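Note that chain A is present in both complexes that follow, paired respectively with chain B and with chain C.
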Partner chain A sequence: MPPGQYLTEDFPVLSAGPTPNIPLDRWEFVIASEDGREYRWTWDELLELPAEEPTVDIHCVTKWSKLETTWRGVSLDVLMEDVETTADFALAHSYGGYTTNLPLEDLLDGKAWIVYEFEGSELAPQHGGPARLLVPHLYFWKSAKWVRGIQLQEFDELGFWESVGYHDYGDPWREQRYQGD
Partner chain B sequence: MTQDYQDGNALAGPLAELFAVDVTAATGRCVSCGDTGRVADLRVYGHELGWVARCPSCDHVMLRLVRSPDAAWLDLQGTLSLRVPLPPS
Partner chain C sequence: MSARIEWRVATLAEFRNETATARTLLLDVPGWPGHLAGQHVDVRLTDADGYSTQRSYSLGAPADGERVELTVQKVPGGEVSEYLTDVYSIGDPIELRGPVGGWFVWHPSRTAPVLLVAGGSGIVPLMAMVRARRQARSRAPFRLIYSVRSPADQYFSSELRRSAVDDSGLDVTTVYTRSAPPGATREPGRIGGADLERYGWPPQFEPTCFVCGPTGFVEKVANTLVGLGHDPRRIRTERFGPTGG
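Then we have the complex of A and B:
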């Protein structure tokens, strides 16, 4: 367990706003590169992509950790396969307006997924369904619920929590909770 | 469906740590829709990571407050103005 965390069997719900209602026939996921090119997937197109079932530990900055959670979704490596970019940073954005920033390298090489199932069932809206970002090696606020897209950029733009005191990177093993940690 | 937010009175305690006046009694104007209302009437989400207060008319974020062990972070960029009632001078 990372320092300062405690184990929970529950799956606490933390939200910064109302849970968005996203009809699947209007859902889309968009990766936009720094030069303005856009790569889009509809819900059906996302489900047609090769899926993985990562089993991972998740760590919330509010100090709970949940071990061996199983998800199903598409690796960002698959989604980024045809994306041409030299960007170093990514800003994930969600239905409802939430944002979070990460170095692009933290989304690649088997470290991040767009997931749509949790423990064998479709991902519930209060946990980010129909689809959320999953980046389990960082604190869980980086795993944006209701993810809508990723903006690739050459500069680091702070996200929703990062712009009001939370750490830019958020490594639970280095206990990077707040700016300056 | 269960209500997933509290009213703005939930901000009274955390804001009392920062301000000498009761900010929940102030009237705020939303940057997004221009509606005015009491801070006490905002919709307040969360509190574990921080308090997120949204306009009851348009859901725009009007106030965010994060309390770390040694500091408070206050964002009011969604609030165009705050009218704070004061005793006559």
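Then we have the complex of A and C:
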């Protein structure tokens, strides 16, 4: 367990505002590169991509950790396959306006997914459904709920929690909870 | 890069029992930098063997110099909350780090109408906003809707009753979910759209809404406010998970 965390069997919810209602026929996921090119997937197109079923531990900055959670979704490596970029940073954004920033390398090489199932069932809205980002090696706020797209950019731009005092990177093993940690 | 938020040693100066299972702790924290209403702190306990554990608690009042106030609800089996409500005594040290959180906050300079909706122990950060308003002599229009199971579960009850007189422009409504006091006009029951319409603000007034409580409560209240026409961007939420401790 990372320092300062405790185990929970429940799945608590952390979010800053109301849960958005996102009709699947209007859902889309967009990766935008730094030169303005956009790569889009509809809901049906996402489901047609090869899926993986990662089993991972998750760590929330509010101190709970949950071990061996199982998810189903598409690896960012698959989504990024045809994307041409030299960007170093990514800003994930969500339906409802939430954003979070990560180095692009933290989304690649089997470290991140766009997931739409949790423990064998469709992902519930309060947990980020229809689809959320899953980046389990960072504190769980980086795993943006209700994900809508990823903006690739050459500079690091702070996301929502990062701009109100939470850490820029958020490595639970180094206990990077707040700015300055 | 900002300076690291350091751990500080806090000692218990006073306490008040709010209910049979909740205790308010008044802590002296040398060097406390001050905070905004709605922010929280991390508390760390370490035992003689070096085992340590952390939890987050909302601050219940504006800073009074180096004195801060937390209210802790005892969670059955919760190693930290059971210690803080049953064992922790006057003069004892704990470690504390904060303040944390810059989103679920109310600034006394704001004049827009505010709706506070609390479920159970979710009253704590909202009480900090009520008290910050009083301290700043703000006249921002405030409405507080406080949902509790029964009168015995109410925190800050005498202060909130007094508020009707002392806090001009603050309306307080308590909604009882299981049992209401004698003479109550509303039947006990969960908070619903009718309560939020009657005791809250119309969406046209564009209030900032702060909703705090257990996940199911926050989910329902926030969704109902959106359904009544409130802009989701003006609804700020803070949830207490089913675990904690």
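Going forward, the second predicted complex is superposed on the first by the 181 of 181 C-alpha atoms of A that agree within 3 Å, B and C clash if a C-alpha of one lies under 4 Å from a C-alpha of the other, contacts with A are read in each partner's own complex, and residues count from 1 in each chain.
The definition used in the following text is that contacts are C-beta pairs under 8 Å (C-beta built on N, C-alpha and C of every residue); 3 or more make two chains touch, one makes a residue touch a chain.
All values derive from a computational prediction rather than experimental measurement.
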| item | value |
| --- | --- |
| Partners on chain A (chain B, chain C) - clash or fit | clash |
| Contacts of A:Y178 with chain B and chain C, given as first, second, both or neither | both |
| Comparison of chain B and chain C by chain A residues contacted | C |
| A:T62 touches, of chain B and chain C: first, second, both or neither? | both |
| Which of chain B and chain C A:Y6 touches, first, second, both or neither | second |
| Partner chain(s) touched by A:T19 [first = chain B, second = chain C, both, neither] | both |
| Chain B versus chain C as contact partner of A:W141, first or second or both or neither | first |
| First (chain B), second (chain C), both or neither touched by A:V164 | both |
| Clash with chain B (superposed arrangement) - responsible stretch of chain C out of 21-29, 183-191 or 219-227 | 219-227 |
| Overlap of chain C and chain B interfaces on chain A (superposed complexes) | 12, 14-19, 62, 97, 161, 163-165, 177-178 |
| Contact set on chain A toward chain C in their complex | 4, 6, 8-10, 12-20, 62-64, 96-97, 126, 160-161, 163-165, 177-181 |
| Residue ranges of chain B in contact with chain A within the complex | 4-5, 45-46, 48-50, 52, 54, 59, 61, 64-66, 68-69, 71, 73-75 |
| Contact footprint of chain B on chain A as seen in their complex | 12, 14-19, 61-62, 97, 141, 161, 163-166, 177-178 |
| Complex contact set, residues of chain C against chain A | 1-5, 42, 44, 52-56, 100-104, 215, 218-219, 222-223, 225-226, 232-233, 235-237, 239, 241-243, 245 |
